[in-house]
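To start, I am sharing the structure in question, which I have written as structure tokens.
Chain naming follows the written order as A, B and C, and within any one chain the residues start at number 1.
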Amino acid sequence: MSDKLLSMNRITKIFPGVKALSDVRFDLNKGEIHALVGENGAGKSTFIKVLAGVHQPDSGEILLDGAQIIMKDPTTAQKHGIAAIHQHAASYPDLSVAENIFIGHEFMIGPFVNWRKTNSEAKKLLDSIGADIQPQDIVGSLSVARQQLVEIVKALSQNARILIMDEPTAALSKQESEELYAIAKNLRNRGVAIILISHRFEDIFDLADRATVLRDGGYVGTWSIDEIDTNKLVAAMVGRDIGHFFPKKQTQPGDELLRIENLSRTGFFRDVSLSVRAGEIVALTGLVGAGRTEVAETVFGAEQASAGQIYIEGKPVQIHSPNEAMSLGVGLLPEDRQLQGLLMNWSIERNITLPTLKQCARGAFVSSAKEYAMADNLKTRLNIKANDVKTNAEALSGGNQQKVVVAKQLAVQPKILILDEPTKGVDVGSKAAIYEIMSNLAAQGMGILMVSSEMPEVINMADRIYVMREGRISAHFSAKGITQNQILEAAVPLAKAARNTAEREVAS
Amino acid sequence: MKQRLKRILLSWEAMLIVVFAIVCVAFNQQDASRQAAGLSKKDVFNLASVIKSMRPYMLYSFMTLGIALILAMGDIDISAGASAALSAAMLGILYKTMMDAGVPSGLSLALALVGCVATGTLCGAANGFLVIRFKELFPMIITLTTQLFFRGVAFLLLGGGTLTFKNDKTFDLLKTLYNTVTIGGISIPIVIIVFLAFAAVFYVWLHLTANGRRIFALGTNSKAAYLSGVRTDKIKFTMFTICGLLSSVTAVFFVGATSSSIRADSMVGYEMYAIAAAVLGGFSTSGGKGSIVGVVISLFLFGVIKIGLGTLYGFADSMVNMSVGVILILSTLLPNVAAQINAAGRVRKRRASSLV
Amino acid sequence: MTAQAPVKRKASSFAALLIQRREVLLLLVLVALLSAVSVRVRGYIPNNWLNILKGGSINMVMAAGMLPVLLIGSIDISVASTLALSGAVSGMLMRDGYIATVPGMILVGLGVGAVIGALNGSLMAWGRVLPIIVTLGMSYIARALIPMDWLLGLNKISRTNLTDSFKVFMLDNTFLRLPYLVWTAVIVTFVIGIFLRYTRVGRSIYAVGSNESAALVRGVSANRVKLLAHTICGATAGLAGILWLGYYNSVEKSTATGDEMYVIAACVLGGVSVTGGYGKISGVVIGAVLIAVINSAIPQLNIGNSMITEFIKGLLLLATILLNVILGWVMRKRELAQRSI
């Protein structure tokens, strides 16, 4: 093909002890969006780092416009027009948009930065992709979606020809994702080639022209997007067929365990009412920023409600702290397991027993025998993959870390378990395992409130679905026969939705 | 079992003991060579004399335990010296006021001691309150300002002068705190005995109980600890309060040591000694680690170094202070450098083996 | 300074102005304090403005140097000791006849300070030692050097050790009615302000403070930036030692003990974030002036003996800092209540 921009052949990269990439190939055409797919640990990020000059391959060649290039450092990659946009976008949250775009290439007058010119050039670039952002805005005060736009503009300012988007929509709402799609398509039409890495199959099927699958550091295959579907893609990723990806067990809902009435927190959500019964999995969904996480935190006592009432097993309760919530039988799996869920440099055992030290104590002293027994028992029960419970949490994979957080909550023996984005950033294999754990817990009579923005898991795992829109409950469905569109309609703000459709029409 | 033994041998405390031993041996050699050269008539660096000379360097040991608790949470308290000074001032003022009012001297002293400890505790509680109420401000900034405030109150109470109690038999009872008791032929300062008792209690509490575990959890990741049901605010408030209380214990011994003269600018820089000793003992300003055993060893190590440099090498106070500074920096620098060299070596080794 | 100010379109009330621009609140406190003192002490401002400026200059110089250090999320509590050491070294060199001129003194002061600062920065950057530990240790070491036999020994530097040309330089030489001491502070502040705002290297200091790992990726070496920031801080502290010598004509081992607190306080009052990334020189200037006014005004109020000054200083500092925070809460609450949900 004449418009072949990049081809990478027989790329092998060896790290101490592991062969991270072996004989991987990849090619990219001008004006193409090419998805790179694989489970966590399949080698995607190593591959991207080889392309971006962060890692040097042990063997293999990189051809750009047919000429071989040695990508010796990130600066070389930048010079050849390769730019990467990361999931947590903000490079410098305290600095202005213009400064983030032009950092290191500011317009100068002699030795001094020309702020007027720097700002006006930034404005031009922002306008060119249709981003309504002021160059003087502090990047940290923008939404993650807008921060990503700033990163894209920054890449364009450096005349990027190849844009690597690493999990760009992981933190974005549906609407924001669609805005990003529109911009990505726009860039493609301008001849920019995009490498898209995503866990979300929607992204891949909406955007990509081709998809390449990696597995265990090796190359599996490349398909045109028309000739592959979700099942095939998953099969290629995991190397086997996942028959029961959503192992939902049918249960007969029991007594009402949790009910909240007209719960409000000034500035975050208002008049939220919902209930969870024993044996039920209830989903609380909506766009990021709709107030779901805030509701979960308030029920768990980490934040205080300004009005409303919480009932546990029919009794009105006041919950002032997570400690009180736990003693009332409420558990929470927080959204960010590394920052909120785990003490990363502590052992699995110590992480699991932290909320239940009293149970592991003999008098005032912590009994290491009891501690070990409790942790080891939960490790077996949840099938946490680690040598033993003395292993540090940071040494585990994302999925196993998430299991440790679940184990920690189960040790308290909660009646109600709130799971905030339980499968965020977890590989496909571990996802299935976590769904299975959820099903089993519900079958044992626990009430589960699952905060999630992943439509497939909401639809397939939940018994009932509450949808939040701009801080209020906008809809309540039974999960039977529900479609993704019904949920999205309730989630997307009305005025904005209309505007959004219009914009999409203009863009396409 | 083997691994456990290895871990103990490679622990920070074990390294401290090795350093401690090396320092003692070196000082002993110097002592012997000085005798041989006729510079001193008898050996000055022996167990009995060192233990006795240790007294002035043990005054801030109580405060060090308090600072260690604060460091374990990842915070810092710079006001400890000032709250000790204020406690000491309160001790003197209360005693004087009550004596002037005709209260029996024994009762006056007892009440004054209670007032002293209560003052330190209150100072700590004030810090704790500000720290948990004003989370936007760092404990360093808060205690930096409260120390000015505490010392200011002490100045106010004492009117800028020195309060002394000459030939006051009752108040002189405090001096006995600076005495020694003879156990097994060696006279051991009371302050060391009391400190070791405190240290034992704190060791058990911090390292063996659930509460101690929660303190370290808070220091490692306060958000995750809070969401795991740890009552972080309550712990912080309590720790700052205890740190204030321990500062007032230091104040009591200090008044005893300085022949009962009380000034508002006493114990300046004690908090720095305490921080230095706690850091050398394995605590870190970033929180989540450290051991009371390490603190005890490092306090004695500091003492021995100061005594040795002073008596054997004739170094003045300033040189001793300088050694504190050097030790403080080296005690974190060396492990970091060792870790970096270790990591580099491992990478090289692996690379070499993987390429074969 | 527009690129630094967060643009919030809705906020327009006075209270909003207060919280967006911390300097405004500080200015109000300053005005309130000045008027309160003026009521009690007739002619306070006309009689004292020069003394306030003179008294605040040394602190200002050090605070300007502290700004880049705080911006990268670090801290330096060895500045007061650095001041004393620099004063002692340069004073000794003048006493022993090695230096006679003012520029020589300034060079020595900057040099001594820069060496200490560079040492601090290197230990943090390549030795990975925490800033508070490094600078705490360094404050011991620097101060302990002063009474060494090869430095001051048991003596101190006093008027008789200094040349006449040096003694008159700082206070008696004036330009536009301001003594050179004040002009030095103005120049240092201006240079650091321009450096931080308008040069690439200056912006890299903000970049490192804002996100250290991103700075690494973009080819800005975080370690070198750390070294630079601390070297600047050390150099200003060293310069402050010369100013001290010029102002007080004496330096001894306990000189300026505890003054690092006022330096940090000036920055914190000026709205500099202690976690790095945010802070402006204009805020630091107002913070330093406020502290200078407190230092000058409280004794003149004749509330009691000089000791009460310490007390009131502490109280005022604490109150101003807390007021700042509480105002932030009020604004946050208002903002939340205004959200449409």
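The criterion applied here is as follows: a contact is a pair of C-beta atoms (placed from the backbone, for glycine too) under 8 Å apart; a residue touches a chain by one contact, two chains touch by 3 or more.
Just so it is clear, the model here is predicted, and its values are computed rather than measured.
S.K.: For the pairs A-B and B-C, output the one whose chains share more C-beta pairs in contact.
M.R.: Of A-B and B-C, it is B-C that has more C-beta pairs in contact.
S.K.: Greatest Cα-centroid separation from subunit C: which chain?
M.R.: With centres defined by C-alpha atoms, farthest from subunit C sits A.
S.K.: Averaging over Cα atoms per chain, report the distance between subunit A and subunit C in Å.
M.R.: Centre separation, subunit A to subunit C: 44 Å.
S.K.: Report the inter-chain centroid distance for subunit A and subunit B in whole angstrom, where each centroid is the mean of the CA atoms.
M.R.: Roughly 46 Å, centre to centre.
S.K.: Could you give the separation in Å between the centres of subunit B and subunit C, each centre being the mean of its C-alpha atoms?
M.R.: 30
S.K.: Name, in rising order, each residue of subunit B that touches subunit C in their complex.
M.R.: Those residues of subunit B that touch subunit C are 76, 130, 134, 136-138, 140-141, 144-153, 155-156, 159-160, 264, 268, 272, 275-276, 279, 284-286, 316, 318-319, 321-322, 324-329, 332-333, 336-337, 340.
S.K.: Residue numbers of subunit B touching subunit A in their complex, please.
M.R.: 208-211, 213-214, 217, 220-221, 223-231, 288, 346-347, 350-351, 354-355
S.K.: Of all residues in subunit C, which touch subunit B in the complex?
M.R.: Contact set of subunit C toward subunit B: 75, 123, 127-130, 132-134, 136-141, 143-148, 253, 257-258, 261, 264-265, 268, 274, 304-308, 310-315, 317-318, 321-322, 325, 328.
S.K.: Under the touch definition given earlier, write down the residues of subunit A that touch subunit C in their complex.
M.R.: 74-75, 90-96, 98-99, 103-104, 106, 108, 111-113, 115, 119, 134, 136-138, 141, 266-270, 291, 470-472
S.K.: Tell me, which parts of subunit C touch subunit A in their complex?
M.R.: Subunit C residues touching subunit A: 2-7, 194, 197-200, 203, 206-207, 209-211, 214-215, 217-220, 273, 276-278, 333, 335-337, 339-341.
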